[in-house]
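In the two complexes that follow, chain A is the common piece, with chain B as its partner first and chain C second.
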Partner chain A sequence: MGVVGMLIRIALSPQFFGPIVFPGLLTVLVVLLSIIWVERKIAARVQMRVGPLYVLKPLGGAIQMLADGLRFFFQEFIIPESTDKLVFVAAPIVAMAFAILPFAFIPVAPKFIPYSVPYSMPVFLGLNTVIPLTILAMAWGSNNKFSIQGGIREAYMTMAYEAVLFIAAYAMALLYGTLDFAEMVDAQGIPGIILNPFSAAAFFVAMIMSAGKLPFDIVEGEQEIVAGPFTEYSGIAFGLTMGIGYVQLYGFTLAFTLMYLSGWNPVPAQLYSIYPALGGIMLFVKAYLLLMFIVFLRSVYGRYRLDQALRIGWRKLFPLSIIAVFFSILLRVIGIV
Partner chain B sequence: MSSSVVTRRLLAKEGDESVYEVFIGPQHPASGHMRFIVRLQGDVIVSVDPDIGWVHRTMEKLAETKESIKAIPLLERMTIIDSQNVTIGYVRALEKLLGVEPPPRAKYLRTLLSEINRIASHLYGMGLAGIFVNHSTMFMWCFGDREVWIQLAEDLTGARLTHSYSVPGGVRRDLPQGFKEKALKAIRYMEKRLEDYYRIFFNNPQVRARYEGVGVLKKSDAKRLGIVGPNLRASGVKYDARLLGDYGVYDELDFEVPTMEEGDAMARLLLRGEEIKQSMNIIRQVLDKIPDGPIMAEKYMRLVPPKLREQALKEGRIKFPGIFANLKLPKGEAVARAEMGHGEIFYHVISDGTKKPYRVRVVTPAFRNVILFRFLPPGHRFMDFPPIYGSLDYFPPEADR
Partner chain C sequence: MSRRKTGLKEHLEAIATGIKYLVKPNRITVYYPEETIVLSERYRGMIHYDWNKCISCSLCAMICPADAMKMYRKKGEKKARPGINYQRCIFCGYCVDICPTNALSFTRVHDVAYEDREEMLYPPERFTQEWVSPAEKEGAKKLKVVFDEERGLVHEPE
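Coming up: the complex of A and B.
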């Protein structure tokens, strides 16, 4: 035993395994590389094209994103003279860190929780609210007109979705009587999406807005502001900025699965007995399917206008999330849950 | 510029320090070969200056330096996506100068290629209108389906884009075998695809939200500014150079010129869809009615050596002897109009009696429509600018010549 055994024990402990292996860093990398390929393949299928093909041809170009990522690494990272250099370099790194950090609070399987806090849901959402600030920092540090436009759009979009996201999530907390993801899963005899569909709908749209995916990719609005706050970035920093949205979206789909799709249930008992984290396989599968559905929307929709997105946020989603709160209270009062 | 009070107040702020100036282009994902100087106050557009001329290739001057017939391949590079319609006006002007009339079969063939080109051009415009709101499916579908019509044109002329099909006195090639079946198949396919377009794009709530009520061009303003083409017809003015009966066989065919009353970006898009339907209707009629006969005026066929002439009649394709390029243009002037996918193109050819034209003046539809960039966007949100651009189907190389 000795040192090796200790290292293995540390590696397999929930505190390490959760944030670093599953669902954290390594899984995030795999999801990032695969979901962009899946997105491009789905879009290609709809649009009568082939999509990525030549990198690893037998698997239909499955490692195209790996090749692109490597290229980002070897590309020069240009720091323009006119930028605020510290902010310019640090902002994407901080953003990525805050996109990965919430995974430490996502329970993987029954009794396999990296950091067991009774408030994991608000902590998860709260950590995600830091990302818009880093994007604002990128926009300001870039010292570019398009970047500033993009930063302002990010600020406006935060207005549109943040309140909705929190209120919809708190509606579920009211319903289950807990703020902890793990206890929420245990409380779901019937999946949350059936118990409170209003909350699920509001949370779903708000999380697409938050991750900036179509039809709400307003911040990056290529046709008006090139790449929004990311216009001045090149090389691996550009790769990071492109990845933030996907990582955030993956985190949100996990949270959505935990709150509305009964999380890791049903747990495959055999896998769970080998190693508890393997019991979280259903959580991953559900989240990944949801992720695939969200990237499929790119083939159907274009982009909404900024004021239209704000209108959707405040006139449709906000009342919907309030309705969800009252619906939860109603369900509690008549005692369904 | 515009009559509305809001626009006038916005324009008054043009030089203001509170106005935020953004340069869109020439190196921008959605500018095309040009630059827009967009001035913003908050998110509202104060004014837009279209800065054109980045792809000016001295077409008019170059046309003066060549024998008249050699300017045809040159001029079709103005609008390479619509090369039959862009040169037919020049060919008609030359024919008027030379005093020659093409035989009926050649006229039908010209009409056929004109309409194939028009469909391809409209699909190009609709595809770009899709990507301007980041609707990549519409973009890919339109560009993919455009391929059908390009291949049809290739069957007919031998070239995908630069057809150089019409020459003074007729056309270069006869209808190939089995063309009618292929064309009818393409029409059936396109009719099915248009329904798909309506489902995923035109009736998509997101697209409606972005295009409806944006960039409204009133009927009176459209007339006053001299707008041409689908942008004019979407404002309710029924004007189309095909109705003048100067070229092709449009007076013998039964077709409609669709118009719309709304005048907004959505109407301009929908109108292009309607025009594709009418063009397919025209192609059907042309294929049914096309008469037998020569494809080149008798006057010029006599220039071809007898052996080659027999071969040309048999194969249906004409290889001109060098003498054809040395035709002397009689002294005089001629004008001609033709309807392109983007609108009406106007040619004025002046000859001093030599082989080369003394002056070739071209007024292209894109150049006449460029004023709309100054006129339509003020008062709209910055994010409305790409949909307005997309709905105008503006083609910078054509405006710059």
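Coming up: the complex of A and C.
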């Protein structure tokens, strides 16, 4: 025992294991490396081609992203003369930090919660709202016309999804009578997606908008504005900016699973008895499947224009989320939940 | 302009189509360096020049719309012979068509890369070289394209 035992105890404590191992940093890294490959492979299959292949050919190029990531690491990180240097360098790091921070408030398994607060749902959503600000900072710091255009698009997009995201989530909070993810999972006899499909639909689209994934990658706008706010970035900072969207999306899929897909239930009892965090395996599987479905949508939809996205946000999703609130109230009044 | 209405039904249809292709992929590309497609007899690839058939009429140089073909004459020699510059060539085939003795002909090789621009210049002596596709030289599997009523283009081993 002694020092080693203490270190193991710290490593296995929820406060450390949650943010660092699962569902936090290490799992995020694995998800990031795998999901981009999965995305490219799915898109390739639907579009009648092969996709990444030559990096580790027996597995169909499975470590393509590892190769790309290594390249980012050893590439020169150029800081242009005309940029606001402090903002330019700090913004992607802050953005990544705020994309990973919400994982501290995601419960992994029954009675295995990194930071048990009664308001984990609003804290999670609130931390995610910081990311658009950092993207605006990147755009401003870059001192580039494409970057600032992308930044303004981000500001507009925030208008489109932020209200919907919060109202849809609060509809579920109203339904379960709690603002805590863990208690929400316990309250779900029937999965939330069946109880309140309006809220699920609104939250689903809003979270894709929030992460800026196709069909809503308006901020990046590869075809029009190079890479939007990330135009001036190179090397590892570019890798960070590319990762933010995926990390955010992974966080949102975990939240979606907890709120609508009955979270970690059913818990495999044997695994749970070995170590509580292993009981969260179902949570991860569900979230990952959802993530795969979202990246699959890329190959189905064309990109929406900014005005179309705003129209969807305010004319379709906003009323839908309001309906979801009233539907939740109705369910409570009838007494189904 | 009439706007097509997109409701829930259309979205579901789109997703179903995507899933159909995901589950039953219909790949129309080939693994290139390991497999190559056998091209048509009349494919317009790199041009081959037959030294002995040429009568030095210079019609090819005259017809060339991109000024890729030029006549080269060595000092002391009477006959001029054509050379080609692949930086300019647009593979229109006029030179091959107009050649009265069929000294110029198309090959089925197109997968050629150059390291510098000087290499793309072919004076008459180099112009006579035989073309071999690098993929076929490495022993690539040859596939032929067959039209299938249901799937569209299908590749079958030759």
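Some notes on this structure:
Note that in this section the second predicted complex is superposed on the first by the 337 of 337 C-alpha atoms of A that agree within 3 Å, B and C clash if a C-alpha of one lies under 4 Å from a C-alpha of the other, contacts with A are read in each partner's own complex, and residues count from 1 in each chain.
One rule holds for everything that comes next: a residue touches a chain if its C-beta (ideal position, glycine included) is under 8 Å from a C-beta of that chain, and two chains touch if they have at least 3 such contacts.
From a predicted model like this one, the values you see are computed outputs, not experimental measurements.
With the two structures aligned on chain A, chain B clashes with chain C. Applying the stated contact rule after C-alpha superposition, one finds that A:Pro215 touches chain B and leaves chain C untouched. Within the superposed three-chain model, A:Tyr304 lies in touch with chain B and out of touch with chain C [touch as defined at top]. Annotation for chain A, partner touching more residues between chain B and chain C: B.
In the superposed model, A:Ile42 lies in contact with chain C only, and not with chain B. In the superposed pair of complexes, A:Val50 makes contact with chain C only, with no contact to chain B.
Only one of the stretches 60-68, 78-86 or 114-122 belonging to chain C has C-alpha atoms clashing with chain B in the superposition, and it is 60-68.
Within chain A, the residues touching chain B in one complex and chain C in the other are 46, 48-49, 299-301. Those residues of chain A whose C-beta lies close enough to touch chain C in the complex are 42, 45-46, 48-50, 53, 296-297, 299-301.
Chain contact summary for the complex, chain A toward chain B: residues 43, 46-49, 145-146, 149, 214-215, 217-218, 221-224, 226, 298-308.
Taken together, the chain C residues at the contact with chain A in this complex read 14-15, 17-19, 21-22, 25-29, 31.
The part of chain B that touches chain A in the complex is made up of residues 20-22, 24, 28-30, 43, 130-138, 140-141, 144, 200, 204, 206-207, 209-210, 381-386.
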